[in-house]
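Take a look at these structures.
Note that subunit A is present in both complexes that follow, paired respectively with subunit B and with subunit C.
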Partner chain A sequence: MTAAVNSGWPVIGHEWAIAHLSRSLAFDRVRHAYLFTGPGMIGKTTLARVFAASLNCRDAHAPCGTCRTCTLILKDGHPDVSIVEAGQAGGQLKIEQVRDLQQTLALRPYEARYRVAVLRRFHEANPAAANALLKTLEEPPPGVILILTADAADLLLPTIVSRCQPLPLRPLPVEVVRAALMTRGAPPDTAQTLAQISGGRIGWAIRALADPAELAQRAEWLDLLETALQGTRRERFALVEKLSLEKTGLQTMLDFWVGYWRDALLIASGSRAPITNYDRQAALQALAERAGMGAVQHALDATRRTSQHLNKNVNTRLALEVLMLDYPLP
Partner chain B sequence: MSAQALYLKWRPQTFEDVIGQEHITRTLRNALRQDRIRHAYLFSGPRGTGKTSTARLLAKAINCTHPDPDARPCNTCSACVGVNENRFLDLIEIDAASHTGVDDVRDLRDKIAFAPGEGRYKVYIIDEVHRFSGAAFDALLKTLEEPPAHAVFVLATTEIAKVPATIKSRCLTFEFRRVSLAEVTQRLAAIAESEHVSIEPAALELIAREGTGSVRDSISLLDQIIADPDEHISLDMAAQLLGTASGQNVVELAQAIVDNDAPHGLDLINSAVDGGADPRQFGRQVIEHLRQVLLVKTGGPDLVSAAPERRAVIETQAAAFGRKALLSAIRAFNAAVQDWQGGWQPQLPLELAFLDSIKPVAEDEPEADVPRQPRGRTQDDLPAPIQRPPAPLPSAPAAPAETGSGLTVGQVRAEWNRILKAAKARHTALPALLQHATPREIKGSRLILGVENSIFKQKIEADDKRAALQQVLEEVLHTSLQISVVVADSQQHTVEDVLAQDDVLAFGVQELDGEITELDE
Partner chain C sequence: MRVSVLQENLYKALSVVSRAIQSRPTLPILANVLLSTEDARLQLAATNLELGISYWIGAKVEEGGSITVPARTLYELVSTLPPERIDLDLDPRTLTLHLSCGGKTANIKGMDANEYPLLPQFDAERAIGVPGPVFKEMIEQVVFSAAKEDNRPVLAGVLARFEGDVLTLAAADGYRLSVRTTELEFTVGDQEPEPMIIPARTLNELSRIISDQDEEVLISLPDGRGQVMFSLTSALVVSQLIEGKFPDYEAIIPRQSQTIVRVRTNDLLAACRSSEVFAKDSSNTARILIEPSGSHNTPGQVTVAGRSQEKGDARAPVEADIEGNSVEVSFNIRYLIDVLNVIREDQVMLETSGPTAPGVVRPADRDDFIHVIMPMSTTGR
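Right, the complex of A and B next:
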């Protein structure tokens, strides 16, 4: 698709989606329900918010970003734009929230042209809540636009997906993230590293830029993995014992480890696909050569499995110990 | 006001417009003609096949004032127009998904006794009826069985299994079918034409395919692609917007599986995903392609309808694939697609499925190929001398050190019982001798057997027995192997044997720096 329409939307990347949305706006073919899908922190909600502003901004080059409507919407303060989400990440969106929303949506917009509802992380909606939205989603009251965001369309009820116009957003190209970080004042090499590591998750990259602790944490986790891989089983168990005391963040740690093993796998297989943990290339190369493809794949599978198990509330220490047994020895 | 979604705009307004459900529309129209309207209908079927639309059509038709029953709904009388404009008083549409409780049903029951306001019948459409609570269903039972003469119920659901049998038995049930690809394509073409959109027929077919037999899904997809009504829509554009990988990518990935080309396959996956293909969708396409290859391979080419050039590709791949490899590839991709965990690298599940499907031939991993047997893992790697080996046991399956024969000692061990059986036919003394031997390792194309005693070594190494054994090995393992026999020192043997037999003990000694101080018989 030609990205001819220059949007000027304050969103990084996703040009094709923006082109599509702004063209729909220009030709007055806006749908009543959209579904933005894609991995976390790639800018789904940002896009939804900006789209809501474009719908309601009266400027010729909507969104102007300066008028009252735009400012309020971009700050989540507009009375006609409701953002509904589960109480906390990983929680549940409840049917009461959907019912409240339906009440609100039944009223005419207070001052804007459209009433917009953004339902964030809709895959966290419990089945009752998701079903309760079905009829509203199919034929919402006039002047209502619903925007759902979710990690993947397959996590939602098929009946929900089929009522929305899905826009599957993808992680951004490394180059785009790097450029975006540079405009935010990051030095070139920091920008490059962050962009590589982020794997196209612009939200994470910006947060890591603002908060060095994020990067330090990642480095600590990867160091830990590398230490463990060098160590004997006894040393590994000692590491795990320390690790299992801190419950929070283990899931993220395993996500980083999965990324690390995937890189090792790519190197071991000889693929030219770009690796994520660019800064650890030497260690990865050595690991891939030493362990071989079979062992790396085994380790990757094991890490993914452990991540799943931890979600199901198993004994943390035991799960991590088993994981360590699955990793190749030095 | 935003433009209406196409699937709403093109909701069928007459029975002819409902596609793919002739078995239902014909029955309903016959009933209308003969004025034999039942008091309760239950429509079930997958999403987007026309349940709600048909329910509204029925509501229109039974209230329509057109003199000719065949022409109903006429879409011109006041009742039809009222329904079309969503303001017909006697059509009560209930969203059972958000009104799930018994109180909602009681409310319905209280009002149903009143005669219709403007039409002949009061029509209650209860959509998504499977979400009713148990109490709500029960509260409906009596009303549903014997409603007032002026009331007609239409229940619609996608999940017929969740509707109680007592409800089902009171209704006339119609099952809606998925709509065929050709019918959907035709419908899309008609819509595109009326909307003055120029679109390539191949793109329409792609959309219909993606819609998997659901008309609403297909029309939504069409709608999604038309952003600018004046633009000509090509197949490439449609594929980009739908996140469909090009057919070429899919075929090439299948070829990479055939060729066991891991780097190329991974590159393909990554470039397809970077190019905008949805990874899970890509996985489904690969399954679909492999399935067609499988069909051609097993059932002959007639089972697959495809364009000639594509058919040629499928036939070539069908010839190149082993059936086992094909099945395991389909299983691997299917498992990945079914149980998708995207995470940070959306393409990861695909990559793993791909590697899994090439593995059986690319690598001989003992763990994957050999049924687990107790001594398998540790013995592989125990060197003969008694000194505690400096190289620890690998936890992961041993890397295939010897590639000469492509066999691992684990495989030989797994087949050992079969070898013993087959040996009997070759040489009567052989099985008894082999009882005292264990396969120790494979060096190149040489199998090294360990025996307890030099007498056995001499006997096995006698020419006739050695030749017989080689034949047996060739027969069972399909590989020709040379034979060497070594005698294990008795003292060495015990410690080694104990360690070999006991995984836990071996682990303790070699990983946790334990020591064996005493051996008890």
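Right, the complex of A and C next:
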């Protein structure tokens, strides 16, 4: 079932991207820069890592996954593969990191064929860092391949996007996630629950399988949203004030909120598409009926916008307060 | 792995290889030093992927093997041990290195040596030999001219080129240029390697490691790896090369100059130092007044003058032989001091063609070293 079997690439899902990349490898038409876009935790960096292994593995069926090159790359320990990212999710990728990377890239590969740089969550790069990368993106030194990952292409400078080959990745089908979880030893009903709730974000599903705290955290965030929606403005602001003290995880929280509003929109519009947060069906039904389609759509847009704004270093508390004003009142 | 080594040898080796370890390594394993047995020797190696240093010490090897352990930890520990025999014993199951020395014992947790970046093998067959002391001097004479930080990575390196029986090292940072050549005792011939750009940091470390025992430095370029290796008596230094094309520096070396000054190196250096005291407040600008002698029995005079708006000024005149016109130029005094510091000859030549032309500094009666400094603009002063 999993793509790992079909393609030989140890990546779950993303078949067409893998097909495209392995074709370009086979015909020796590898681009100098790629941009993998898609929601968080759907496997963009995993795909980048495996692609880096394929570029450098000397086995006929690259990536073999067993040679020294493959093992080191897949565990982020290879001297020729640099992974650059903001210190934490929701942080900022700084110009110094880009400069350091450029110093590294100026050297020829240490032991592999290509030097690969993976710039994760590049939408978190501040404008100075993004601009500093332009020259390298346009004309990297020989033997250098750059892979950028980001939530969406339109969060990046157009000058960055136009210099890369974009590969938009999608959340995986629930079925694929479920099968992947079962091969990892999840009991069928747990696999089903996690796959559905994950909304196709395989990374989150695997993490939640290993650590039940992830699931509890999600429940806590969704409870918080539901409480806020029942409350007055004053109560909402009190909730947000507490929330804004948390530095990490807010981005993931907003991802869940986006999923929640998306479900509400599906219900409000009468769509038959399966909802993600099926364990909250009753609350969602009530919300959709009470607020109506216009308000739900407005709330969804506002949540998305807030998620982008948080990346751009706005005041967290103010951003969340504005978001609360955008949500329909009980 | 079970080996015995002497504390002072291990300490020396660790102090050498630790120079290749960055304070914030890009991979966790790069904070480690690789220990690996080899006949009757123990090899210690460290790398930051740009610069790698291996060092061999004599050892009594009872059982071969290899391991990597955190370099800082080992270094700090060994520095506290008495100058006696250290027994190293590796538990391969837990990857723990057990040390004992003079009754003290310690256990250091390591990482698998297989995960360490590959160290290239030295190919002595195809190596080019350069006398150690000469090479050390060559490095010292050019490396300071390389850019410390630059958007153009090639300028952070030193160009090394073999042509026939001549080795040339050159470095430039956009404001100054050093070129040093030496004649080898043989012709490199058809094995003549491509010109290469070596990171200045590597050469700095190399010149530090070259000791009086190193009569010859063997230079070798493994095929297609983009690396250069320097083999010394008990050490091997490996450096990644910088990709790119070094700028054509020949074009900026003035063919001839209108004013040529011959002056005692130490006198000029002392004069520069006096004016630096004030010049450092005005972005290191110092004026150099060159006045040829009026008659046959009075010598010419070079005056170095530094000035600070707040603190005052200094003038230091130096006697000199001067050919050509009287002229006044401004230089970055720091640059002038840097080059005078690496000239061992008694006398030095200073050549200029006016306040906007590049100045040339070179040792008198030698043509294997030349240094070019761009003048500073003094308009509006």
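Quick note on the criterion: the second predicted complex is superposed on the first by the 225 of 330 C-alpha atoms of A that agree within 3 Å, B and C clash if a C-alpha of one lies under 4 Å from a C-alpha of the other, contacts with A are read in each partner's own complex, and residues count from 1 in each chain.
Throughout what follows, a residue touches a chain if its C-beta (ideal position, glycine included) is under 8 Å from a C-beta of that chain, and two chains touch if they have at least 3 such contacts.
What you see is a predicted model, and the numbers here were worked out from it, not measured in a lab.
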Key: Which partner reaches more residues of subunit A (counting touched residues only), subunit B or subunit C   = B
Ask   = Between subunit B (first) and subunit C (second), which does A:59 come into contact with in this model arrangement: first, second, both, or neither?
value = neither
Query = Of the two partner chains, subunit B (first) and subunit C (second), which one does A:82 touch, if any: first, second, both, or neither?
reply = second
Ask   = Just subunit B (first), just subunit C (second), both, or neither: which does A:109 touch?
value = second
Key: First (subunit B), second (subunit C), both or neither touched by A:68   = second
Task = Once the structures are superposed on A, label A:142 by its partner contacts, choosing first (subunit B), second (subunit C), both or neither.
result = both
Message = On the A-aligned overlay, A:235 touches which partner chain: subunit B = first, subunit C = second, or both, or neither?
response = neither
Message = Per the definitions at the top, what is the overlap between the subunit A residues touching subunit B and those touching subunit C?
response = 102, 142
Query = Okay, in this complex, where on subunit A does subunit B touch?
reply = 1, 16, 19-20, 23-24, 26-33, 39, 98-99, 102, 114, 128, 131-136, 139, 142-143, 145, 151-152, 154, 158-159, 162-168, 170-171, 173, 199, 201, 232-234, 255, 258-259, 262, 265-266, 269-274, 276, 291-295, 297-301, 304, 307-308, 325-329
Key: subunit B residues within the subunit A interface of the complex   = 1-3, 5, 8, 47-48, 95, 97-98, 100, 127-128, 131, 158, 214, 216-217, 220, 223-224, 226-229, 237, 240-241, 243, 262-264, 266-267, 269-271, 273-274, 276, 278, 280, 340-346, 348, 351-352, 355, 359, 363, 365, 392-397, 399, 507, 511-513
Remark   = Contacts from subunit C onto subunit A in the complex sit at residues 26-29, 49-50, 114-115, 117-118, 153, 156, 199, 225-227, 240-244
Ask   = Which part of subunit A faces subunit C closely enough to touch in the complex?
value = 68, 72, 76-79, 82, 102-104, 106-111, 141-142
